[in-house]
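Take a look at this one; I'll ask things after.
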Amino acid sequence: MIELSELQDAAQKAFPADTLAPARDASWQLIAEMGWLMIDLPEDLGGLGLGRDATTMLHVEMGRVLSRAPLATALITQRALALSETLADKAGWLERTSTGTFVTINYDRRRITLDGRTVSGTLPAVPDADMASHVLLCTDGLIALVPLDAASVTVRERPLWDETRRLFDVTLADHAIDPALVVAEGAAADAIAATLREDMLLGIAADAIGGAAAALDATVDYLKTRRQFDRPLALFQALKHRCADLKTRIVAADALLWARAADPAATSVQFGALKALACEVFRFTTQEMIQLHGGIGLTEEHSAHLFMKRAMLDFWLAGGADVLNEAAGRAALAA
Amino acid sequence: MDDTASLETLRADVRAWLAANAPHGWREAEQTHAEFAASQKAWFLKLVEGGFAIPHWPAEWPGGGRSLAEQKVIYEELARADTPRLLLSFVSTYHAASTFFECATPEQKAHYLPRILQGEIWCQGFSEPNAGSDLAALKTRAVREVRDGREVYVVSGQKIWSTMAQYADQCLLLVRTSSEGAKQAGITFLLMDMKSKGVDVRPINQIQGDQEYCEMFLDEVEVPVENRVGEEGKGWAVAQATLSSERGLTLMELAYRMRGAGGRIAELIRKAGKENDPGTLAEFGAIMTRVESACAIADRFIENRLKGEERVGDASIVKLTYSRVLQDFALLGLRLGGLDEQVRAPIVFGDLNTGNWMADYMNSYAWTIAGGSDEVQRNIIAERMLEMGREPKNWVL
Amino acid sequence: MIELSELQDAAQKAFPADTLAPARDASWQLIAEMGWLMIDLPEDLGGLGLGRDATTMLHVEMGRVLSRAPLATALITQRALALSETLADKAGWLERTSTGTFVTINYDRRRITLDGRTVSGTLPAVPDADMASHVLLCTDGLIALVPLDAASVTVRERPLWDETRRLFDVTLADHAIDPALVVAEGAAADAIAATLREDMLLGIAADAIGGAAAALDATVDYLKTRRQFDRPLALFQALKHRCADLKTRIVAADALLWARAADPAATSVQFGALKALACEVFRFTTQEMIQLHGGIGLTEEHSAHLFMKRAMLDFWLAGGADVLNEAAGRAALAA
Amino acid sequence: MDDTASLETLRADVRAWLAANAPHGWREAEQTHAEFAASQKAWFLKLVEGGFAIPHWPAEWPGGGRSLAEQKVIYEELARADTPRLLLSFVSTYHAASTFFECATPEQKAHYLPRILQGEIWCQGFSEPNAGSDLAALKTRAVREVRDGREVYVVSGQKIWSTMAQYADQCLLLVRTSSEGAKQAGITFLLMDMKSKGVDVRPINQIQGDQEYCEMFLDEVEVPVENRVGEEGKGWAVAQATLSSERGLTLMELAYRMRGAGGRIAELIRKAGKENDPGTLAEFGAIMTRVESACAIADRFIENRLKGEERVGDASIVKLTYSRVLQDFALLGLRLGGLDEQVRAPIVFGDLNTGNWMADYMNSYAWTIAGGSDEVQRNIIAERMLEMGREPKNWVL
């Protein structure tokens, strides 16, 4: 059994903090070489079976360096394949996705219609569709793989403010689902979809916590270095207190992150509320990061904007805070 | 570390004992502060009897020797059963006890510790009107003299914010025995009998109508030299032992109780017919998630203490998280409650969930100000955790 | 024509800043002696006709000293009487209310039923009913005076956290309206009711701004005096910045207060939005006031709690921020 | 003071002139920064021709001699007609002009002022990488020498945050001529031709894709001694005249434009089908009320200037109010816009209402940071208005 701290050390060695937003394809290759694409896969399916603690740790670390590689997405779709009871070449799929084949999925609500086994519509906010072989289509009562090179599939990039991620619209025009690529149907599909949503929300929350922690570290470092009025900015109490508040909010959100990651009974509503909290903390941290950096934070020469833009995207992926908190409130009301 | 099975056995034991012994209707029964004090004393003695009052004391004491994990279980069950929080005996069992265990002479231990279990109440005489956040600036003077053939410290000065000193039998007292050198160097730690001549205790009227704190005026109070803890001029170090005696479990318990109080906000939402209002639901969901994070950070703090991994500033983060969430929680209740909450409600002593949100809002300041204000916590976090540099010692303007 | 600054000077002399929450009945007498009960009454009706600028100035000053006397309420109900075209003894009423007779009105939504000219139900949040001769009943299509000593009228005080004000529930049990006391009916009544609501909202906003300004003054003074760590607290930058933010918020709300007071076209929705802003500023200022005072702010020995409790009551009188801002949003959406 | 009638006549005149002359479709026409600059120049020259470009200049100038009340009317109408804000000529007509009017020699005035009306563009060379909020810490050196028979200052150093310096013909330059005494005492104010040898201007890539600011590298640039404004070593006082030239009207105009942009939020609410969602409506109502208060405080500031009653700190309050409301306004737009706003939008130059809320959010920092950051404004308000005491000059840690 690998200790979490070993995994963290390895991640920090492979993706050092001083190289922000490392190139995507090289990162992806490194991720595959490190074995991280096998980390979540159960042992009886050929993986390491380390579970959510381990994946959360990796996502925090990838958030810290503003990783461009879609590790979280890969592990989410792989879990769907692992849970499948119908996929024709399941073992093959698991082998391929463990070694670098990438299957993607949409991070915003889908707008599709299903007519028998023929699908039309657009899957929005699909990460890195350009390097994916398939997109995982999750709709009511059906989960299936859709090959991105099919004639009935169009992939269009939507360039983002966030330069560290790439999102695509995947449009299906009367796409006929290949029976060999059906992952789940009926109740089984809905159960898998719920699990994927939990993973997605937890993954973004972890990314946000990692990003927020790194943003604060960078900000504090800057304030210690930057001098005005003959002293480091770090000595001005108004700025100190703002940093202390950020630290407190980040650590509290981090505590909830790990509590939820370790809780097998946590619901997707709870993961959503965690995601909303973590992303608001990240967003606010980057708002303060830019303000506390002053002018330099408004230039592309400095990395503050990379954090800010990533925080904004995290905030919206898989649902914004308003929607997620509303669901949490409804659940709390029913409790 | 304890194995899960033995912890669950303990939990079952506590739960069974509480089912038989936990008081009911105590909020209603405490109509005056004196009734509150009496009820607190009775419940403490009952807990001593049951073996759950001093789980954090060493094993040679009845009910002591519990691991932190076991203490956590006991606190969780006490919160779950909605028992009265042990406010009156808190200074006795934590601050006083920890001072004795860590710094006192064998004679002092033998004299004072057993009396705590018999219900002797301690208070703290630390803060002064001009020494709050800057505790080391305290000015209460103690002069060593021989009076009536006894060597005593003659103490004069003024203390403030002594929690429930009006019911206290004994006092942990910080005094100044020297004005030389660093502020901290001239401080001495004494144990003062509250019945001594010259001790004048005046409860402070609080804005919610309570009298939780007192001022203490000391006029030539004689404290025998043998009642000193530690050496003369070394009281600052003793005070650190006193102050560090407890934080984690109390805040954990309080965060858990806040989680339980979420139902009171749900009630307001239903009363206002806002069960389907997205904005209200989102605010409710967001605050309850912050409550969950306050619980999680308190849990983690205790886990880290269990593992011996507590770091400087951790306690400040737990406290600052709790105090901010608590105040915002009360503010949401106030908002949803509307004008009705502005009608003065009867006092409920020592409870943070009184049923009146204005009272709860006012009580929340006890956490944002007392026991190290939010501002002091921010200083600690920025200076010791983020290493942003201390506030300057001297300024040239 | 009296200059506003003269009026302000007179008010500050009569109600000096160092006497907070002066006794109600003595204040009321002083107010009558100063002629403030004639200030808003048009000149052709025997008053000074100074208008909203002048009344706003007075309400700011009364807010500053946490006045216990119901000046704003008196001027609101007097305006209704002045606008009446049906009141039997209108001249007498204006003479009496100009010299000290007090008519009150409810500051929360009424819960009454009107059956012909017979009224039942409760008027909640009626200030100082104990010193009022009548309450002004405003309901759909009818405004009338109700004598508080009538057998059909019950007055019950609801003790408040705010010690500087007194509110009563006035319950009417099949109270038959005296035709001589009808102030307005039909459309005229609705028009007057709208004006009264504007006055009420503006009056509370002014009270809140005055209170907030005084609360900040007291806080800054305290920070300059109180020493910790061998220097005045006022020198700690974190506290300075918080005071600067309060000052900014108060001054901005104050600017809107005077812009609205001077705008004859301002709508009751706009006065409501102003009231919401002013009261939130007051509320937050007192929250900071207590925090910045530390322990002393939690004791009855210090006046901070008087400000805080008054701010909380202001916040709710005549409608809370949520309701008022919602109306403002709806209006802005329609604009 | 002007009477209302003459102001209304002016308003009608401006409105009529704008109906005939205001540009349309300028946002769409400015696809590159160079196109933006060209469009700005054309519009400025048109305004000069119309007599509305320099209402704040003295009466001897065409279109000058307008009272502040008249200027306010002109700005209101310019905002109302949604004309391009005069960004490129702003430093020329305000900062440079005010420097000349207040501190320059007759020769300097005669030379430079007419050229401004012909479209000569000025930039500012004040800030440096290590002299931002602490401007007086600037280090760019100027040494007086005779070169080629001319007495010149030889200037070397680095400037930053020079607004649109890439289009500038001339530069208001602060340099250090002495390191003796107080930091302020060694500063000299020069006028530098941007075509001089040794001037290297590099636009800064901003996070929203714009290039509004530049860095300026100065390598032995020769500035004739007669291009000095004020005495050597007295440049700090001249710079104060430059910097105080304008604030009120710009912020008034911007606040008014933000009011106008409320419709964009209304649009989002309708698009999201939230026309009847109480929480959303309340947030919209609250922010628009804050916008109204930003308008009101800007109006009052100008009124107070009209009456000669401006006080220290007033300008800081106007700016801090505007910057905070602007940022929260953009944040609300972002929230209501959702994921769509995260798609990168084309750059719209020099506009705060670009149609993309991420861009507007990023632009808002230009007001919370540039021109005296929120933090600097808070210092001014606390220290000079509330008299809470200055930050210390020297610290002993």
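By letter and in written order, the chains are A, B, C and D; residue numbering begins at 1 in each of them.
FYI, contacts are C-beta pairs under 8 Å (C-beta built on N, C-alpha and C of every residue); 3 or more make two chains touch, one makes a residue touch a chain.
Keep in mind the model is a prediction, meaning the values are calculated, not measured.
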Of A-D and A-B, pair with higher C-beta contact tally: A-B
Identity of the chain that, by mean CA position, is farthest from chain C: A
Separation of mean Cα positions, chain D and chain A [Å, integer]: 41
Geometric centre distance via CA averages, chain D-chain B, whole Å: 54
Residues of chain D engaged with two or more neighbouring chains: 278, 280, 282-283, 375, 378, 389, 391-392, 394-395, 397
Residue list for chain A, restricted to those that touch at least two other chains: 235-241, 322
Complex contacts: residues of chain A adjacent to chain B: 220, 223-224, 232, 234-235, 237, 239-241, 243-245, 247-248, 251-253, 255-256, 258-259, 270, 273-274, 276-277, 321-322, 324-333, 335
Parts of chain D lying in touch with chain A, wherever the complex brings them together: 127, 130, 132-134, 137, 160-161, 204-207, 213, 334-335, 338-339, 342-344, 358, 362, 365-366, 368-370, 373-375, 378, 391, 394-395, 397
List of chain A residues in touch with chain D within their complex: 108, 124-125, 158-162, 227-231, 235-236, 238-239, 290-291, 294-295, 297-301, 304-305, 308-309, 312-313, 316-317, 320, 322
Chain B partner contacts - residues on chain D that touch it in the complex: 277-280, 282-283, 389-390, 392-397
Residues of chain A defined as touching chain C within the complex: 236-238, 240-241
